[in-house]
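You will see two complexes here that share chain A, one where it goes with chain B and one where it goes with chain C.
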Partner chain A sequence: MSEAYADAAVSAGAPQAPARVFTETLLSVDDISLSFGGVKAISNVSFDIKQGEIRAIIGPNGAGKTSMLNVINGFYHPQQGRITYRGKVRKKMRPNEAAKTGIARTFQNVALFKGMSTLDNIMTGRLLKMKRNFFWQALYWGPAKAEELQHREYVEHIIDFLEIQSIRRTPVGRLPYGLQKRVELARALAMEPHLLLLDEPMAGMNVEEKEDMSRFILDVNDEFGTTIALIEHDIGVVMDLSDRVVVLDYGRKLADGTPDEVSRDQKVIDAYLGVPHE
Partner chain B sequence: MDALYHVLISPFVDMATQPVFFAEVVIGGLMAGVMYALVALGFAVIFKASGVVNFAQGAMVLFAALTLVGFMEHGLPSWAAIPMTIVVMIALAYAIERVILRHLVNQPHIVLFMTTIGLAFVFEGLGELIWGSNVKALDIGIPDQPFFVGGMLLNQFEIFAAVTAAILVTLLVIFLQKTAIGRALRAVADDHQAAQSVGIPLQTIWVVVWSVAGFIALVAGVMWGAQSGVQFSLSLIAFKALPVLILGGFNSIPGAIVGGLIIGVGEKVAEIYWGPIIGGAIENWFAYVLAMVFLMFRPQGLFGEKIIERV
Partner chain C sequence: MLYREAGQFKTTYGADQAIFPIPQDRWVVYAVIALAFVAVPSVANEYWLQAILIPALVFTLAAIGLNLLTGYCGQLSLGTGGFMACGAYATYKLSTAFPEMNILIVFLLSGIPAAAVGCLFGIPSLRIKGFYLAVATLAAQFFLVWLFNRVEWFYNYNPSGTITAPPRTMGGFMVTGPEATAEARYLVALGFVALFALLAKNLMRGRVGRAWMAIRDMDIAAEIIGIRPLTTKLAAFAVSSYVCGVAGALYFAIYLGSVETAAFDISVSFLVLFMVIIGGLGSILGSILGAFFITVVPILLTNVPEALGLPIGVALAKQLENIVFGAMIVFFLIVEPHGLARLWQIAKEKLRRWPFPY
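Up next is the complex of A and B:
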């Protein structure tokens, strides 16, 4: 297995790394089906995400990848199936409740608070960590202020980590797309999530920006120990970054395994990577 | 030449030669401005949290005043009727969230705006249905005695209104700017999805915001009702609040106050000193013309956040 992984890594031009092994399951989805009216977005899909791994979800457009993230994150409620998170079967919940349980995410088309500065955007990620409720904040100036400072410190740490010091005060609406994606990642990180969902973190980026973002994703996983599930179209990136890959097509699961296993799977090659030339 | 003299010079000569009268006009304007600002505040709070002008704010002012008068007509003293009206407004905020807003998450702003137009009619209808459509006097014991300060005629009621507005604004500014809720409100106004994904409970925020707007509507309703009676034209003062908001910036609490004061003073001064030249009635349109000028040169208002859009 380690040989196979190394093989895949070499073929993708990445430095050789030993395969990582994960045992504890953080989240598993079982037999999930989701439809909108008569359109089936997801049919009977099951897979799991292990604690500490980088899990990729790939598939052609309309395969149900984003729908899957929306199910995990609580935006959509599947008609059928079960989600087990941190050992417990999860009941139907709203996105803000999912956030409370430690699930953070970024969006395909960047959902930032455009009128607010980079710093304020990232600070919103700390809202759940603020212990004093709104009314106490209004009354107790001292402690609330101290708490704000403490959160600010954590946010500065993330700003340093993602190398966005220079745009701290810039309204995010003014930033180029690549940096907006980075601010969105920062906001998600400020939540100190157990599970980080990234919806096409590298869409619309140039090669250099992609390399930066890949490095940040690996560093986040490494330094914060955050489990990451990501959707990505760039197969090279997926092969480099992820420990395991699940492939969706027309709302069904096509394959599940290491990047190498998946890339050799005939069904995947046929449906997604294209038929090889002999 | 003569016309120019009357427009450009003689009004200022009048101001300089009769400073006490001028001060009286300005103070009268400030007081009227406070009353506008009270209404505008309700708009600003909802705008801050949803990016939408709440067309129903005027109707809420009317409804709150009607409810208060209704309770008092049934023999409740004002110290009991006011808290009860507050409870009614909070219950309404809860109902609005439950029945309407919850189903409009992630909809474009225009949809929410249309909803508030509908709400305005619901409020007016509800008010008329429950409390009837007669003009009612509202007397909750605010003193209303004129008195003289340095030769100027002032009114206790107006002082009372100004102090109330000042307290209200201070509370709102602390609540919205100095607590994390302010950041949460702006986040909700910007992007529902993103706000939810960082754990902001949309539903709670909306109930809080509409309750606050309902409370402000009650304060405005009490002040306007005590001054000019509780009648259905109260819901029209919403239109006077729009230029105030354009001047001050839609999402700014201090802006609502400063905008209200500028418009109050502006229209009084214009009416008194320039009114006779064109036969009066400047007061009726002055605010809108001022708002138009602002839209041309400073569309975000005096205190509003600059609108930034990357193209």
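Up next is the complex of A and C:
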């Protein structure tokens, strides 16, 4: 066992609160296969995400983690398999339809609206909740204004929650990377999602920023009760944050279970560290 | 010193979301509007109104229209001239078919065919972007001008092929036709610009504007927060073309009085695009500044040598004007690619701190 892995094992073995138990399944993917031409990105993967848990998807580069999120989120349409979301088998859908069903996400490379302020970026997360039509909007009066202000209030609540009050009016293009990631999380939260997909929320961050982000993820899960599925490479973070972990490698599922179980799995260790040549 | 926000506390989100949250800005804007409506028509002479202010206002409206599409929604369009022609010919057909209809209503209705045509030519935007989309909208420009030239029904089988604004009154004042005074026409143009600038600003600071800007800045991320690219882009084309159509109606009936299709050729599309770029993409104020800049500067350049007593010929003056104007545009794009609106913003930032250097 190498040192890097030993570290992860230590953090996993650190004193922890008793494991949380979740019963209701929010989303399950069954036997999903996705290929691009001859390249198989995902083959026959099944797992489920329970209501209220933090579920990590890990695996080496190219394992199909992001593809999996793209499938859940409607960007990719798998050739095979089915997705059951909130008790119903889901039809093939576009990302904007998935958004309507309460699935929000953040991207591996920050995907904010660069020309807009932090506040406007987060307000876009409320778009689906705003109902007043075009003509009311053009008048910006009466019900349309009331609606706008009511959503502003909700957004301010999120701004407070994520501690980004001071950058409210700053164009997001000017923010440092760590804050951009936080604004992206804020925008996703503004959608009041049932399921939040986080694609490498801590990539490229320093230790302090990672700690902040971990705290926010736990707080979101705790206070809003949002179910979270996250992809992360920092094994220490994954082991600390998540309730259950699914491990992918070359598009196949290697292991699935609590952080403890997964970290002891020989196949996972082999995938991460390689198999010694005889 | 006068321009300070210190001590101004906003206690409601409503106050914070206002178009001009700073009272000083608000007063300046009220003053400008009052001046434009009251002082200018009583002071300015016929030349100023007809040669400078009316065209500047008409182009402001067109620039607002194009800015909605290009600046806010990020869809490059070279079809502005064509959409303006739609509005102009719709005005002509409507006002000759229904002579009793109030001319203001005619103008407002004239935007609708333009919006429909804009929507139609906006469909390629779902597949193509940037320069390629610009080329697709170029098709609209050439097709529409050709159509209005070729189909005689549009100009009521008039052998000369020109359309002439019929004389129409509004509240007892002649606003179109040869007898309409420059003051009356100026006030109509100003009214339309003020109204549409306000409506456009309202749209852009609310849900609709944010959806359009989201599509502009990153369409993939826009889709995951629930924006439908199809309807959003088509709505942008429709609204933009509507405003351009109304601008075309004013261009024909208020400014020129009688036009041929040549008045709506590709050079108009480029002119409006330059206004938007120089004024500032994604800014209503920018549209206004850009339109005034592009209409006023050539006139200044023609008159400056004369005022200085420099004896240069008309032909030479015209050439000089082109050179200086071209140089100014290039200079601008290098120094401040975000346009006049951004310059204004920087000036305000500096003003807030003046006289301190930090």
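By our rule, the second predicted complex is superposed on the first by the 252 of 278 C-alpha atoms of A that agree within 3 Å, B and C clash if a C-alpha of one lies under 4 Å from a C-alpha of the other, contacts with A are read in each partner's own complex, and residues count from 1 in each chain.
Rule of thumb we're sticking to: a contact is a pair of C-beta atoms (placed from the backbone, for glycine too) under 8 Å apart; a residue touches a chain by one contact, two chains touch by 3 or more.
Everything numeric in this text was worked out from a predicted model, so none of it was measured.
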Chain A as common anchor, with chain B and chain C clashing or fitting: clash
Partner chain(s) touched by A:99 [first = chain B, second = chain C, both, neither]: both
Partner chain(s) touched by A:128 [first = chain B, second = chain C, both, neither]: both
Contacts of A:120 with chain B and chain C, given as first, second, both or neither: both
Chain B versus chain C as contact partner of A:73, first or second or both or neither: both
Touched partner set for A:251, first chain B, second chain C, both or neither: neither
Which of chain B and chain C A:171 touches, first, second, both or neither: first
Contacts of A:107 with chain B and chain C, given as first, second, both or neither: both
First, second, both or neither for A:152, with chain B first and chain C second: second
Touching both chain B and chain C, residues of chain A: 73, 75, 94-96, 99-100, 104-105, 107, 111-116, 120, 123-125, 127-128, 130, 134, 137-138, 144, 148, 187, 191
Contact set on chain B toward chain A in their complex: 174-175, 178-181, 183-184, 186-187, 190-191, 193-202, 208, 305-310
Residues on chain A engaged by chain C in the complex (per definition of touch): 73, 75, 94-96, 98-100, 104-105, 107, 111-116, 120, 123-125, 127-128, 130, 132, 134, 137-140, 144-145, 148-149, 152-153, 156, 187, 191
Contact footprint of chain A on chain C as seen in their complex: 12-14, 16-17, 199, 202-203, 205-208, 210-211, 213-214, 216-218, 220-229, 235, 282
For the chain A and chain B complex, residues of the former touching the latter: 73, 75, 94-96, 99-100, 104-105, 107, 111-116, 120, 123-125, 127-128, 130, 134, 137-138, 141, 144, 148, 171, 173-174, 187-188, 191
